[in-house]
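Common to both upcoming complexes is chain A, partnered first by chain B, then by chain C.
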Partner chain A sequence: MTEEKLNVVGQSVLRRDGLGHVTGKTIFIDDINFPDILHLKMVRSPLPHALIKGIDFTEAEKVPGFIQALTHEDVPKNIYTILCLIGVGPDEEPVLAEDKVLYKGEQIAAIVAETEDAAMEAVSKVKIDFEELPAVYDVEEALKPDAPVLKHWGTNHFVYEGHHCRRVRFGDVDRGFDESDHIIEGRYQTSPIEHAPSETTGCVARPEPDGRITVYTNTQALFFTMDNTALILGVPFQKLHFVGGTVGGGFGGKVDVIVEPIAALAAMKTGRPVKYKFTREEEMRVSSSRGAWRIYFKDGVTKDGRILARKITTYADAGAYNRHTPYAVTKHAANIAGPYNIPNVWIDAYCVYTNRQPGSAMRGFGVTPASFALEVQMDKIAETVGMDPWAIRFINAYRNGDMKPHQKVVEDATLIEVMQAAAELVGYELPEKFKKMNSLNREEA
Partner chain B sequence: MASKIVTFTLNGRRIEVLVKPLTTVQTLLRDQLGLTSTKAGCKQGGCGSCTVLVNGDPMMSCLLPVEDVQGQDVTTLEGLTPTPGLHIIQEVFYENFAVQCGYCTPGMVMVSKALLDHNPRPTREEIIDALTGNYCRCTGYEPIIQAIEEAARRMNGN
Partner chain C sequence: MAIIKGTGIAAVNYPTGMNLGGDPSQALIHATTTGNFFISLSSTDMGQGLKTVIAQIGAETLGVPFENVLINTADTDTGPHCMGTFASRATHRVGNAVVQAAQEARQVMMEVAADELEVSPDDLETDGQGNIRVKGSPDRSINIIDLALAAHFKYGKTISGRGIYMKPKSDVDPETGKMDPDSTEAHACTVAEVEVDTESGEVKVLSLKSAYEVGRQVNPALVEGQIRGGSLMGMAHALYETIQPYYPAVDHMPGGFSDYVLPGPMELPEIESVVLEYPSVNGPYGVKGVGEMTANSPIPAIVNAIYDAIGVRLTDLPVTPEKILRSLEEVEI
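Entry: the complex of A and B
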């Protein structure tokens, strides 16, 4: 193709959805309505860890406008895990809680009613008999032998191919520590973060005359959600028609599959369209957050700033259920040693369950906390060794052709070039030897 | 309590509605009248996505009982949009990429309209001040501020 024919590259192209946005004509989930629409509201656990001894809908059923209550017994395949589509297992999260709840806010029963107000009133009248259990909120506490056990396989951690965590073993860290002049340790902790999208999570499921269910949703993962919904409902994929693409802010907060299966089930049961949309409070308190992490570093460094060994133990707080955290931990393990050429690396990365709101995806999940911890650690190394923080990074920067600790050859290193550009932007004069470096070739020592 | 008839002007047209006490203007617009450009991001006065103009002043319709607009003049984004075409503020939001997910946009356009009607040549600080009640989670504030500066220039004929 000749350059003359390009009509997008190099041009500023107006947004396809821009006119809808500025006129308010873009249809978001809450803008979808049908004359016979029903509203779904959720009965949630008020406790972080408890056994469910019984549920009584008697008073809820008396609320004018009440249509139906749904429990786990109504869900064809109630126990699922979102990442089963990429081979992650076993299934461990109930669509609706069965005999126990693992976090405050967990879904127990769905109430479908003629109006939102009626659904909320009926929810408030459902009586549940709980037996509260001891809860655990800290990743390291959860791994102690006396911690309450949350998972049916008997541990509070995800099992990676038979192992207690995602492990990376590269070189010999003990030898690296022996050859080092400094041992520098650090403990880093990040907190959960709510995505706080302007539009809360929601969907409308509508039964069609041909027997299909159309689901209008603001998910960020349309096909992923459709496939999981089909598996949960036990229907062939072609029975579902998912319509989406308009997302009033996602940031990773709308990739879990939470509202669609239960709304679609309610639509199948009632034969009417059903809307299930989070309130702002639900969005903040029960939707997945960015998971919290705790990360321990031990680095062996020579007096001239070369990192010879890096040993990391790191814990992701998945909260009560997997969601996307097992995958986040694997990404984390691949990135936590950093864009540096370190000959000896040892990593244990745990996906830990606690009685907290489930964590999941959010912008670079797994990697963002890694970058935070390891770059603070790099500054700490610079300070301990008595070197410029820029220098410590140039000295250890990886190059194309280097082997990363997880046995991947580096093919697209850009750290040196990025740092050179950053130094120029902030007006920092780099020494000549760093200006001459590049990611393609390692200069002779 | 009994429902009540409220009469007011909506987008230049006098209307009469029957509402339960304390029904909000947001609920009336969205659920009874089908005017969905007014958004419902939080329903607690925290996000500004439901901003409408009452006698030209920006108000969060989720906190505004319908009884309170009796006899008043209410404008929503539907009423601001000319047929055919776009208002200058909409034009500059579109052309300057002052929209991302689009959910805050209706509220942003309405506060911009109120600002420029009251103050045709706002400073950057005055624009920022006018936007303080409106939340943009996509963090697109800078293009929004620039769009309002551009709208002011165009509306002033330069």
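Entry: the complex of A and C
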């Protein structure tokens, strides 16, 4: 570890924006207002899976303050997928639902009105004729042949370069199991979680006199959101100007592109600024959640605690649409075997669609459920072989120079060092052989 | 029925960045004649303190006071491209871009100072207090305001710099999963101590004691902020939070904070941590990343501690009192 003389890096200087945040002086989306601003509220599906037979705006249009209703017919490129910017496809999510809905709360039509109250009242008066369809909620049920099919390509899973799942193949797990003394299996399940930011997702889109649209937004990714918005609206990128940078809590919940395209479209259609901001209820029941995961482990372990083979089948519940889940599955696949040196690894990681609100990115993207499952599994292994939970981790810990299952050489490993430091912190006396280990050099161990 | 204590551990890694689609961020720096250096970005600050740590990194590389470095983020007209703030990437990616931009700006700054002080740029150093001085002759120096004025009015030079950091796109091999998806790995180990009430099924987390290794800490107080917030989020994930309490069923969904169960101040455990620094090979000043990881290790550590207490391995999150009581019933039968 080299020491260089540093001036301000490493110092706990006071954060610049802290005082503004704690005194309520920082400008967030709700502080942005214009005299002629309009409010947008969404007509949402009350059903988890249904065909849309017809929409009637007659009564909604009579509400005082009603300005305009927008449906999928108003959206130039209505079917999109957020990750198309990095080559993920095919497009599969409608900005506004067309002939069917895949989850309760799905966006069907936008109502623009003079006030929030008028917009909400008009939303309540839109009549939709549905034909309800059977829904599927369980990831393994969704993959069975008799499950209702949710996607136009005929399956309920994302397709990874021709494969039904993201695969990792490293060594020979069957040989590893044969050479093992114990086979230890485990099933792990997590549930959907809300990001719970202080500030809900929202934006204000304003048409400028020069013909451009300024969007004030609390997205976590300005260019990513702007580029997706331009593609959906079918306008040149240069026509849009996104302003943000201060976000009242993200945790991954503000990397989807939901409010900006429809608010910008409404601003273009009405020629007035339009605000679309989620209520707390929408943030919880409609916006993307941390997706749920189901993870199956099968480990082959020797009697002295060496893991020789690890076979994992794992299912991400993407909910109704991709959002960022196909990518989370790949990140999950790169991390689910854990920070351990295991010679034989086999992983099948599925991105599965169900009739629930989409899962998407959240702090720990694909890794949080992996760390939960594999660290509980490590304790199970320790118990089976009759070993201390610290010992099982030291014996299998990866070091620099080891090869991970996705064939990347380990560098910057410090698993051993954090375990040594944590043991010291709680006053747990490690055996001398574990105290002497380090991540830099396997030979010294 | 009793209240039983248990202890559990978990050790985790966390990757920085995610470049399966390419992962670039840019930064631009220019000096004004006020002595301020202005860094333009399009990256966002979600409350974690990005604006502060980026100003620290810029000030360090330029060799000027922190107070003289201003951050403008985020505006797609004035700020150069950034993929966004996610994947624990911002301090690493944007920090690297700022170091590169600051090096370019610093070079111009030193050339102008060299002309003004009539020495070679190699003989100059910054004092971090707003002056550039001749090595070994601290009385021969120029203030950055005078320097910026001279650059503009006398030499016709812009003190400015451009920076980008990009880890190239890594394609995943569809057959084997071979890929290079990230830049470095941070690590954490948490020891959780819990108390389980076998009558009510309630779990009280007594303490979360952790060791983290995050490369270089740019701002230890902000790292501590991530640790405390992440520890509590991890505890909430382990024991309380879900929008679908009977997953995979979708009923009983909460619609607000009155029925979405989160721990409050009464549930706050003792949180204690140590932070190790093993500088990464590719981060600015050895930075790795700390943002996401801090929520991860508490979850399995708490679940393992519950097993240590009551001998039941809960494998379905969140571990609610209902799940604990049901699993205890199964064991007793």
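To be clear about the criterion, the second predicted complex is superposed on the first by the 432 of 445 C-alpha atoms of A that agree within 3 Å, B and C clash if a C-alpha of one lies under 4 Å from a C-alpha of the other, contacts with A are read in each partner's own complex, and residues count from 1 in each chain.
By our rule, a contact is a pair of C-beta atoms (placed from the backbone, for glycine too) under 8 Å apart; a residue touches a chain by one contact, two chains touch by 3 or more.
None of these values were measured; they are calculated from a predicted model.
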Partner chain in contact with A:H157 - chain B first, chain C second, else both or neither: neither
Which superposed partner A:A196 touches (first chain B, second chain C, both, neither): both
First (chain B), second (chain C), both or neither touched by A:R280: both
Chain B versus chain C as contact partner of A:G10, first or second or both or neither: second
Touching partner for A:V426 - first (chain B), second (chain C), both, neither: second
Per-residue touch tally on chain A - higher for chain B or for chain C: C
Partner chain in contact with A:K41 - chain B first, chain C second, else both or neither: neither
Touched partner set for A:H21, first chain B, second chain C, both or neither: both
Partner chain(s) touched by A:G249 [first = chain B, second = chain C, both, neither]: both
Chain B versus chain C as contact partner of A:D30, first or second or both or neither: first
Common ground on chain A, meaning residues reached by chain C in one complex and by chain B in the other: 14-15, 17, 21, 196, 246-251, 280
Complex interface listing, chain B residues touching chain A: 30-31, 34, 36-44, 46-47, 49, 76-78, 81, 86, 90-91, 93-95, 97, 99, 101-106, 109, 135-138
Chain C-facing residues of chain A, complex: 1-2, 4, 6-17, 21, 48, 83, 85-88, 104, 137-139, 160-163, 166-170, 186-194, 196, 219-224, 226, 240-252, 254-255, 280-281, 284-285, 289, 292, 317, 327, 330-331, 333-335, 338-339, 347, 354, 356, 361, 363-365, 367-368, 371-376, 378-380, 389-390, 393, 397, 405-408, 410-415, 417-426, 428
Residue numbers on chain C that touch chain A, as the complex places them: 8-15, 18, 20-22, 41-47, 49, 51-52, 55-57, 59-60, 63, 65-66, 71, 73-77, 79, 81-87, 128, 169, 172, 174-182, 184-185, 187-191, 209-213, 215-222, 230, 233, 237, 241-245, 247-250, 253-257, 260, 262, 272-274, 276-281, 285, 288, 291-293, 295-297, 299-301, 303-304, 307, 313, 315-318
Residues of chain A touching chain B in the complex: 14-15, 17-28, 30-31, 33, 195-200, 246-251, 279-280
